[in-house]
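Questions regarding the structure given below will be posed in turn.
Letters A, B, C and D mark the chains as written, and numbering starts fresh at 1 in each.
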Amino acid sequence: MNAQASLILKLVALALVACVPLSGESFYIEIVGKILVMAIFAMSLDLLVGFTGLVSFGHAAYFGIAAYAVALLSPEYEAANLWLVLPASVSLSALAAFVIGLFVLRTKGIYFIMVTLAFAQMAYFIFHDTPLGGGSDGKYLNNKPSASIFGWEPFDLSNEVHMFYFILVMMVLVYLFLARILQSPFGRALVGIKSNEHRMQSLGYFTFRYKLGAFTLAGALGGLAGFLYAVLFGFVTPELLSWHESGNVLLMVILGGMGNLAGAIAGAFAFEAMREVFADITKYWQLLMGGVIVAVVLFLPGGLAGVPGRIKRALQGGEVK
Amino acid sequence: MDFASFLIQTLNSLQYGLLLFLVASGLTLVFGIMGIINLAHGSFYMIGAYLAFVLTSATGSLVAAIALGIPLALAFGAFLEWALFAHLYKRDHLEQVLLTYGLILIFEQLRSLLVGDDVHGVAIPDFLDASIQLTEVMSYPVYRLAISVVCIVLAVALYYVIQRTRLGMMIRAGNDDEHGQPRADHLLRDRGHRRHRLGVGRARRRADRRLRRHLRQGAHPRTVRHRRVCGDGGGPAVAPRRHPQERLRP
Amino acid sequence: MEKKIFAARNFVLATALVVAGLSSAHAEDKVKVGLMLPYTGTYAALGNAITNGFKQFVEENGGKLGGREVEYAVVDDESNPAKATENAKKLVSREKVDVLVGTVHSGVALAMAKVARDTKTLMIIPNAGANDLTGPLCSPYVFRSSFSAWQPSYAMGEALAKKGVKNVATVTWKYSFGEESVAGFKEAFEKGGGKVVKDMTLPFPNVEFQPFLTEIASLKPDAVFVFFAGAGAAKFVSDYAAAGLKSSIPLYGPGFLTDGNLGAMGGAGEGLMTTLHYADGLTTEKDKAFRTKYAQLYKIQPDVYAVQGYDAAQMYEAGLKAAGGDPAKQEAVIKGMESAKIDSPRGAFTLSKAHNPVQDIYMREVKSDQNVVIEVVSKGLEDPARGCKL
Amino acid sequence: MSATTKNEVLLQADKLTRRFGGLVANQDISVSLERQMIHVLLGPNGAGKSTCINMLSGDLPPSEGRIHFMGKDITGLSAAQRSQVGIGRSYQRTNIFPQFTVLESVRLAAQSRRQQPWRIFSKAMEQRWALEKARACIEEAGLGKRVDWVSGVLSHGEQRQLEIAMVLATDAQVLLLDEPLAGMGSEESASMVEVLKRLRQTRGILLVEHDMDAVFAVADMITVMVNGQLLECGPPAQIKASVAVQQAYLGTEDSFHV
C-alpha cells in the first residue's frame, strides 16, 4: 500500500502545481515556475549528494554556465531555435562538469567540498571580471528561443503559461529519468559507492569512472535548470554562479532529505516558500533563514522526508528501534 | 619600477601575507585540531573589527580595547563551542559546512541589528601614528610595521605553544585521538573537549583582529573572503602530519 | 518506503504555503509606490537614506502624492542582481505598484529597467549611475533623479584641465560604474590638453591599496583621480594620507569618495577636492529647509543619497499633478515629469530627453566633517545619452 | 619448496618489501599460493601480516618486489583491476554495505563481472544471471536463511559469511581472507572452516588468522612472520615442530598440543 499511497500523493501534488497557471496571476505563474526550475536543480545535485555521496559545494557553476550559454548563443535581436540552443547549452555545462570532474574527483571528504567550491569560484570570476557575458552587470536575453520545427510552432515560450508547462514537463521528465537511472546497474553501483566506496573497489568497480559519469550527468541536469532559469527571466548575471546559490541548492537537498528525489522537490518548494515569506515579514529575514538552516542541521538530519519516519517512531513509543 | 619601489612592494606583500597567515592560522586550529570546517571564520574577523570599534569608542583607547576584547573573545569562542560546535564533532563535514553557512547569515544580520550598517573608523593610538620617510615622496606607516611584528610574534608563540608545551601536547593528543585509534582513550577525549571549550583557537584570533582593525580603518561589514585563503592552502598548516597508516582505514 | 509518502505530502504543503502566503489586497484610490532598495549588505546605509528622503517629501506634501494617500510596498534587493528580476516582478505584478523606485547597485537597476520596460511600469532611479540606463537602454518609462557616472567625473576632468594639471594617474574598482567614471574624466581631461599616464584597477570590493600607492609614488604624476565609495573610499583616503602622498600628490575624485564617510577616515580627508551635484553649505533656501527638516526627522545630517530620494518623490509629484492625480494616465504623468522643473536642495534642474537630470556640478572641499561648496565647475551639465533613441 | 607441485601456482609474490618512512613493515616476503591450497599467514600482532595481504590485494603498493598472478605480473594493478583478473579480498574489520540487504550486496558483487554501465534504462533487478549467481553464492557461504535481511543487523559471524559470499560472487580464483574467523563463536567458526574446505576444491585461499586450532585443522601450508620478516614456511607438521617458531611466536609455552 505504501508505494501506491506515495504515488497517489505525488500525482495530487503534480495536479495542484499544474493548476497554478489557471489562477491567471502572472506573478505566481513565474514564481512557481522558478521553484520548479530550482526543483530540477535540486534533483540534479541530489544525484551527487544523496545517491553517490559526493558533496559538491560548487554545483551552481554548471547552472550558470548553461544560463550564460543560452544568453551568448542567442543572436542579439532575434530568437534562437530552442531545439538547437537547449542541447548546446546543456552539453556545454556537461563538458564543464566532465573536465572539472577529472580534477575534483581525485579528492575526498572535506577537500572535495572545498575544491568544488574553488572551481565554482573560478567560473564565477570568469563571468564577473571579464567582458565575456557583460561582466558584473550581466547580460540580457532579449527574446526567448522559438520552439519551431521546420516552421511548425508547437508552443511559444514568450507566452508565460506555455513557458510554465514547458518547465513542468521538463521537471517531470527529469524526475522519471533519474528514478529510472537509479534502478539501473549504473545507479545501483552509485548507491554502492555512497555506502562503501572502498568495498566497491575491491569488488572490481572502477569507482572513479562511475563518479565521473554521475558528476557529468549532474552537471548536465544542473545546466538544464540554468537554461530554463535564463529563458524564464531573460537576464543572466555572475551571481547565478555565486557560492550562495551553491549553498542554497545544497540546503534544498538537505531540507528535503538526501537520497530522495521527491524530497529534493519538496526541499526546493519549502526553501523558496520560506525565503518569500521571511522576506515579507522582516527586514532581517536573513536572520530567520540562518536560524532555520542551523535548526535543520542540528535537529532534522534526515530532512523533511525524515520527519514522518521520526514521528511514526515517536508515536510507536520507539519499540521498533 | 626602480629598486626602492620594488623593496616597498615586497614589504607590502610581506605585511599583507603575515596578516592573512594570522587569519589562516586561526582556521587551522579550528579545522586541524578540532576537525571542524568553519565557513563562518571570516565572520570572526568582522566581529573582532566591530568589537575593536565598539570598545575603543567606549574606552577611548585601543590598548584598553584589546585588553578587554581578548576575554570577551574567549567567552564568545567558548559559548559558540558549547552551544553549536559540541554537537558537530560527531557529524560529517557536510553538516558542519551547512551549519556554519547558516552562521554567516546570522552573524551578518546580528551585526546589522546591533551596530547598524554605517561605515566606521577607529583611531590609531598616538605612539603608533607616525610614518617613516622611505623615498622623497613615499613614507611607510609605522602602524603597519607594528602589525607585522605582532604577526611574527604570534606565529612564533603559536608554534611554541603547540609543539613544546603540555597544553600543546594535550591539544595535539586531542586531535590524534579523535581521528586516531578507534579505541580512543575516553579520558583524554573529555579533556580534549574541555580544551576546545576554552576556545583557544578563537581567543587568540580575536586578539589579533583588533590590532589589524586599524590597518583597515573602515570596518567593512562583509569580510568572509578570508576563509578561502586557508582552504586554498590545502591541509592544516600547523597540525601534525597524520601517520600514513591512517590512509588505510576504510 | 514511508519516507516517500510524506516527502510528497510536504511537497503539497509547501506549494499551498507559497500560494497562500503571497497574496495581498490592492486598494483602489491610493497611489502605490514600490520601494526596491538595499536594506541589507554593503549599500544598506544608502538604501535607508533614499527611503528617508522620499518619505520626507511625501510628509512635507501632506502625506499625499498627486492628492492621493500613499501606500508603500517595500522589497530588499540586497544589491543582488541574481534576484533583481524576481523582486521587481514581485512589486509590479503582485503588488501592482504605480511607480517603481530603485535602486543603488547598477547591476540590479539594469535588471529592474528591463522589467519596467517589458511591463510598461513607470520607474524612477534614485541612485544607480550606470550610463546605459539613460543611454542605449533608455525608455519612456525610465527616469533618473540622481546622475550618470559620466557627469561628476566629466566635470572634474574639465576643472583639472583648466587648472593646467598635465599628467594624472587613475585608480578605481573594476566594475561598470568605476570604469564609466574614469572614462568620463578621461574624455574631458584629455580634451582639455591633459594626459592620463596610467589607469589602475582592482576587483570590487577589494581594499588592499598599498601596492597601488607605491606605484603612484614611483610614477610621480601631477595629480591622482580615483573613484571609490563607502568603506573602500574611507580606507583609500586614510591609506593615501598614511603613505605621505597627500602632501606631495593632490588627490581628486567624484563626491562619493568623501560623501558619508568623512567620519570613518578621521582627519585624513581634510582639504580633499571633489565634484558632485550636491554639497554642504549651499546658500539656497530650499537646501536649508530640507536639511533642518531631515535632521529633525531622522537625527542625522542628510547626504546626496537623501537628496536623490527626496527629488525622486518631487519628480513623481510633478508627473501626477500634470495627470490630475491619476497614476493610471501614464502618458500624462510621463509628459508632466519630462517637462517639470525640479526645485531640488541641490539647485533647480530639468530632465534631458533621455530622462537624466541636467544639473550644476559643484567643486567642493573637505573642511572638518563637511564637503563645503567652493564654486560651480559645470553649469547645467547634460549627459550625452549616447545610444539612446528616444 | 613445498610438496609436489601437482596444482597450478595461482599467486606468486617475490621479495615483497614495504617501508613507511623509517619503519620497515615487510622485508623480502615471498609467498606462493596454488589452487586447492589453504595457505595461512601466521604471526603475532604487528608482524606485518595485514600489510602483506594489503600488498597482495592491491590496497597498498609495495616499495619493492613483484607479484605474479597465473604467470602475469600484476604488481602495478590497482585493487579494482586485481579483482577483475580474479583476486577476491575480505577485510579484518567488516567491510560491507550496511544499508543493503544480503541479496542486494551479493547481487552488486555479481554485477561487477559484467557492469555495462551504459545500459542506464535496464533495471538492475531484472538481470537474471546476477540474481541467480548471488543466490548461489549466498547458499554456498551458508547465509541461506538471511537472504532478505539488511546487512547492518546481521550478527558479526554472519557479516563475515556475507563478505565471503560477496567475494565468491566475483568468481575470484584467489581468496585473500583477513582473519575470517575473528570474533566468531566455536560452532560459527567450525561451520566457516567447513565452508573454507569446500571452497578449497576449486580455488586457492590465503588467510591471515590467530585461531591456532582452526589453523592447524585446515592449513595446507603455513608461513610464520615476525617483525615484518619471514621466519619459516612449510606444512603444519614442520611448523609445529620448529623450535624457532615456538620461541619467537608461541613464547615459552611448555606443551604444545594439537
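The criterion applied here is as follows: a contact is a pair of C-beta atoms (placed from the backbone, for glycine too) under 8 Å apart; a residue touches a chain by one contact, two chains touch by 3 or more.
Owing to the predicted nature of the structure, the values given are computational and were not obtained by experimental measurement.
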{"item": "Interchain contact steps from subunit C to subunit D (minimum; 1 if touching)", "value": "2"}
{"item": "By mean Cα position, the chain sitting nearest the middle", "value": "A"}
{"item": "Most widely separated chain from subunit D, with each centre as the mean of CA atoms", "value": "C"}
{"item": "By count of C-beta pairs in contact, the leading pair of chains", "value": "A-C"}
{"item": "Approximate Å spacing (C-alpha centroids) for the pair subunit B, subunit D", "value": "49"}
{"item": "Centre-of-Cα separation between subunit C and subunit B, whole angstrom", "value": "36"}
{"item": "Multi-partner residues of subunit A (each touching 2 or more other chains)", "value": "196, 198-199, 284, 286"}
{"item": "Residues of subunit C engaged with two or more neighbouring chains", "value": "40"}
{"item": "Per-residue overlap in subunit B, given as positions that touch at least 2 other chains", "value": "108-109, 112, 250"}
{"item": "Touch list for subunit A against partner subunit D, complex", "value": "180-181, 183-189, 192, 195-196, 198-207, 209-210, 213"}
{"item": "Contacting residues of subunit C [partner subunit B, same complex]", "value": "40-42, 44-45, 48, 205, 207-208, 210-211, 213-215, 217-218, 220, 230-232, 234-235, 238-239, 242-245, 248-249, 260-261, 263-266"}
{"item": "Of subunit B, residues touching subunit A in the complex", "value": "31, 37, 84, 87, 91, 93-95, 97-99, 101-106, 108-110, 112-113, 228, 231-232, 234-235, 250"}
{"item": "Residue ranges of subunit A in contact with subunit C within the complex", "value": "2-3, 5-6, 9-10, 12-13, 16-17, 20, 23, 25-28, 30-32, 34-35, 129, 135-138, 140, 233-235, 237-240, 242, 245, 256-257, 260, 262-263, 265-266, 269-270, 272-273, 276-277, 279-280, 283-286, 304-309, 312"}
{"item": "Complex contact set, residues of subunit D against subunit A", "value": "57, 59, 78-80, 83-84, 88-89, 91, 95-100, 104, 108-109, 111-113, 115-125, 127, 166, 170"}
